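Shared between the two complexes below is chain A, which pairs with chain B and chain C, respectively.
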Partner chain A sequence: MAKITLQGLRHSYSKVPSGPADYALKQIDLDWRDGGAYALLGPSGCGKSTLLNIISGLLVPSEGKILFNDRDVTTVPPDQRNIAQVFQFPVIYDTMTVYDNLAFPLRNRGVPEDKVASRVKEIADMLEVTAVLTKRARGLSPDVKQKISMGRGLVRDDVNVVMFDEPLTMIDPHLKWKLRSKLKELHQRVRATMIYVTHDQTEALTFADQVVVMQDGEVVQIGTPVDLFERPQHTFVGHFIGSPGMNVLSCELREGAAYLGDHQVALEGPVTSGYGRFEIGVRPEFVKIAKQGLPAVIRKVSDIGRHNVVEAMVGNQRVAAVIDGPVPGQGDAVHLAFAPAYTRLYRDGWIATSPAKAA
Partner chain B sequence: MKTENQKGWFFVLPVLVLVAFNALIPMMTVVNYSVQETFGDNVFFWEGLGWFEQLLRSERFHASLGRQFLFTGIILLIQIPLGVVIALSMPRSGFWVPVCLVLMALPMLIPWNVVGAMWNIFTLPDIGLVGYFLNHTLGITYDMTQDPLAAWITIIVMDVWHWTSLVVLLAYAGLVSIPDAYYQAARIDGASSWSVFRFIQLPKMKRVLTIAILLRFMDSFNIYTEPFVLTGGGPGNSTTLLSIDLVKIALGQFDLGPAAAMSLIYFAITLLVSWLFYTLMTRNDAQ
Partner chain C sequence: MALELRQISSRIGAITHVKPTDLVLQPGAFNVLLGATGAGKTSLIKVMAGLAKATTGQIFMNGVDVTKDSPQKRNISLVHQFFVNYPHMTVYDNIASPLRVAGMAKSEIQGRVEAAADVLRLRPMLKRRPHELSGGQQQRTALARAIAKESTAVFLDEPLANLDYKLREELRDQLPDLFAGRGAVVVYATSEPEEALMLGGYTALIDDGAVTQFGPTAEIYRHPQNLTAARVFSQPPINAAQVTKQGSRARLANGVNWELSGKAADMADGVYTVAIRPHHVSPVRESGDQVELQGRVSVTELSGSESSAHFAMSDQSWVSLAPGVHPYKVGEGHTFYMDPAKCFYFAPDGAIVA
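Now for the complex of A and B:
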């Protein structure tokens, strides 16, 4: 178990980086609490796997330091860091039995055989693979294989951190949910620090207490799933999390008030000073059809089961709204109202309003 | 709904015709010879299974068959481990990969008879580079034209030089197909390099190695040109492998019947051993 600190981490895959574009990680400073469940969320190629490999020791960063419990481990090889990693597709030793697979990391570290037996049994019970312990690992289904590769990480009682690199990519959808809740349960039982890398928001939000959203080698926002949903610090977070993502509408700022065309849009609070490109961000969940407000024309209505997603055009900008109950027809002219407490202004992508002081 | 008709046969027909012309018909002529005796003038007499019986009791056949198995056994024992070791020590990425691959492929591109001639000249005791060096510089008596042991060493070294690359390339192909995650997981699990070889690399190479062993068995068991050019089967009969003996009987002595019978037995042995080997290797797989 350990607290993990990343200080001024930068990494480039080229030996002589010539500019920011050469950096897979631009600048990362993070503190990860001991025993926390974290998710690293971001689109493919945002640097999250690079970051993971740096923490596990498979990569040495170009600049910066990694500390485990304040001990500098930047150049320590993976087997001495006491970490465990679960990869995108299940890595198992085909020719061994499930038991030998689980015992492998312990035997390599010279753990006595009676201790190995008790640990393997404990982990196998936890993962519900006791029934297949004597079977060869090769013939098992992908989800069981993935459980075994998780087990190989959990079997050591000295692990500082368990890392998951998109571990459910290869798993059938109906088993994903099961494994995900298994993971959550495991975290509560073993209390190890866990870092879960994914590009799937559902996985990140269900697994983690704290989600780190990355884009282009930078951390955009760190927060609880609720924070990320309700108050995205960056339009990217708003857009990336949520389905459909946050509406981002370019607007004009006149005397501290935001205007979409000629209509003033009420914001959550005062706008911080500064110049730049302004956008209004509001989640579809907080857009309603009202008697008065922004005039809009309905473009499309999609019934997605529990509610309808209505797509309307405000001027030439598209606004999505999640509507319960009766919906307008296509082509109807309506008025849209944004819930002011959830309507924010973004300057050059970053949030530029502060919440109104509670009266 | 399954439609039942016989159209499928038309699609198989071209292959059947091809196989008939390149394998079945030539082989049937051999079968034809193997049960007959001729004294020339294209006059044939029925011999039954006489040639087969005679051959299976012949000490000459036993001796050349023994030499053949010895040769194949030795070269498999050298080439397979050596090929794996070379493949393991080749780089997986970077500038040297194509260089190594080309260097490895070179010996295989040389025609068999050229290989034989090359090694013949190379190892001649008086004028060959190796032969002269061993005899006159190091003072080791080495004469592959006189000494059976020297002749054997020479044909084995030649075959290892010529064909180890095949094993290397196949093993290398198996190695590069192993995803990095396996090595990373092994590092995290604290596996030794022997464990990595034993539990990751070897299992992943198993299929290609099966193919490599099979190909090397068949090729070396049927080897003819290189040893024929190099030693001509000598000194004496010491390097007369099965195929060389067969050609001696068929073309040297023009004993068509015994030669045909020998070809069929030869073919049957190759087929049987290959089949046995393949079945054993893949049966293990299915478990």
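Now for the complex of A and C:
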């Protein structure tokens, strides 16, 4: 297993890039610890597949270096990088038995049969496919096939990194959580460096210790699931993670205080200096209906069973709030209160407040 | 204009896809068909739309028997999970195609296409072809076609399943408004309970080819008539275990017991199934009335704003769902707290008792 370092990585599909817009990857510097569980999370077109292809060696970056255990592998071809990959669609041999499918990557490298047997058994046990080892892969259901595909990625213990590229896209929603959690468990048992690429927040946050959130070819935050939820460094992270996402409200800054219309909004702490476009970010979980506060008019109330999602208009901006208990009706005039410790200011998308020091 | 099914069933060869079903769907609100993959949602839609023949029963639209009518004659629209557009036509022509088939005047077609494009924010893309669009835009084109047509009934068969979840959130929010006031019966199939709740309206719970319960969405979520309905309408899965009622107390096999109140206190002594939704099983104590459950955490999941933990309690798997991010340790013991007032009790035949 290996530590993976990305140094000053930039990539453009255009031969003569003329500006930042021509870069599919803008500037990436990253250190991925040996044995860590990482996720690359972002919407389609954010550059995560480009990054994955650079790590696997299918693509040589326009600029920068990629290191495995401090060895420069930037131009090393894929077959010499010693990487295992699991794709969206199961990659298995239909005519072979499950056992032979799992054994294939080992036999290919001349691993002796007794070691093959013990390793296949171990992986099959972890994936709970021992009962079908002697069956041909052809007749198996898609989720079992994908498990075997994962098993093929995990069976070798000498790979530098195991990469998963949207591995659950084709799996039935009711089976997804089982595979999601299986992968997490597998990581804890085999302790290989794993990179999981997805646009699905639940998959990323469930699997990874550290999530790399990408947007428009740029890394906007690297953090633990708690960091991403509680203190988004960028409005995109706040919006993309969480359902509904963080409220992002245009505001004015006057003498270091944030205003929505005439109303001052208390922030988590002091605003860092600088000019730009200012927005207040607060998650719907931290918005309450109160006796006083921001005047708002209820636009819509959705009873989603375990709580209500209330949408209110503050001026011409929509604010979502997650409310337990009684809710006002559509059209009602109310006041909203934001929890100050979770209310932040963003400048040009990036966080521009620092938390107040504990007294 | 109502859509009414009377004893409709569908059998192909030896396989029953839809058991005899009675259902009356009204315009003006979404009618959600909620059930797992393979439960029979698509089969039911096909029969309603006229794409598959009913084995038994009759279908009425606005009181008229349409059982033998073609989809064209029924004047329906259908949007699938997979984006279906004509690849060689522009977005404009894709939206206009059913109107042209209907022989509508050119000026009226233009008005309707543009209105539908405005609603779905496709104006700038009207001259493009489907392959030049993102998945979301392609699906919006299919939806625009359904809206422009002003059909008698619109069938949306998991239309958002193949979209990124943020886009899904956005479209799900807009869909009910898009069809509001159009007078069409809108039927929406999904396998996700959360989606049904967000769409509101009415929901029919589908399990094994049969409608197990139908009614206003939030109401049937709160008041399942039977254990199957409670299971179908819960994600993560509802916790269910055998419980013995004796006197005023209920007791699980592992000895955990609690005082019964309300209707549950009036149940006859005996064995029942107790069921409680995951968000009423909390990782922290919220009130003194809560019952302690000792479990070993086996799986944890984070959805962004909520955490779920699957835990084993005397060989049974339970799930807790809580707001925020909870740092669980997989493999370790954890005490969960269940609110007994939120429990459902079902008789051995599955019917709700309390």
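Basically, the second predicted complex is superposed on the first by the 357 of 359 C-alpha atoms of A that agree within 3 Å, B and C clash if a C-alpha of one lies under 4 Å from a C-alpha of the other, contacts with A are read in each partner's own complex, and residues count from 1 in each chain.
What we mean here is this: a residue touches a chain if its C-beta (ideal position, glycine included) is under 8 Å from a C-beta of that chain, and two chains touch if they have at least 3 such contacts.
A quick note: this is a predicted structure, and the numbers were derived from the prediction, not measured.
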Name the contact category of A:Leu58: first (chain B only), second (chain C only), both, or neither. first
Could you say whether A:Asp303 touches chain B, chain C, both of them, or neither, answering first, second, both or neither? second
Name the chain, either chain B or chain C, that contacts more residues of chain A. C
Tell me which partner A:Trp177 touches in the superposition: chain B (first), chain C (second), both or neither. second
So, A:Gln221: does it touch chain B (first), chain C (second), both, or neither? neither
Tell me which partner A:Thr343 touches in the superposition: chain B (first), chain C (second), both or neither. neither
Could you look at A:Asn160 and tell me whether it touches chain B, chain C, both or neither (first, second, both, neither)? neither
Look at A:Ile241 in the shared chain and tell me whether it touches chain B only, chain C only, both, or neither; answer first, second, both or neither. second
Residue overlap on chain A between the chain B contact set and the chain C contact set? none
Show me the residue ranges of chain B that touch chain A in the complex, using the header's touch definition. 179, 181-182, 184-185, 187-192, 195, 199-200, 203-204, 287
Write out the stretch or stretches of chain A touching chain C in their complex. 43-45, 172-174, 177, 180-181, 184-185, 188, 199-202, 205-206, 225-226, 228-230, 239-245, 283, 285, 302-306, 309, 322
Provide the residue numbers of chain C that touch chain A in the complex, in ascending order. 36-37, 134-135, 164-166, 169, 191-194, 197-198, 200, 218, 221-222, 236, 277, 279, 298-305, 310, 321, 323-325, 327, 330
So in the complex, which bits of chain A are touching chain B? 53, 56, 58, 77-79, 83-85, 87-89, 91, 93-96, 104-105, 108-109, 136, 149, 152-153
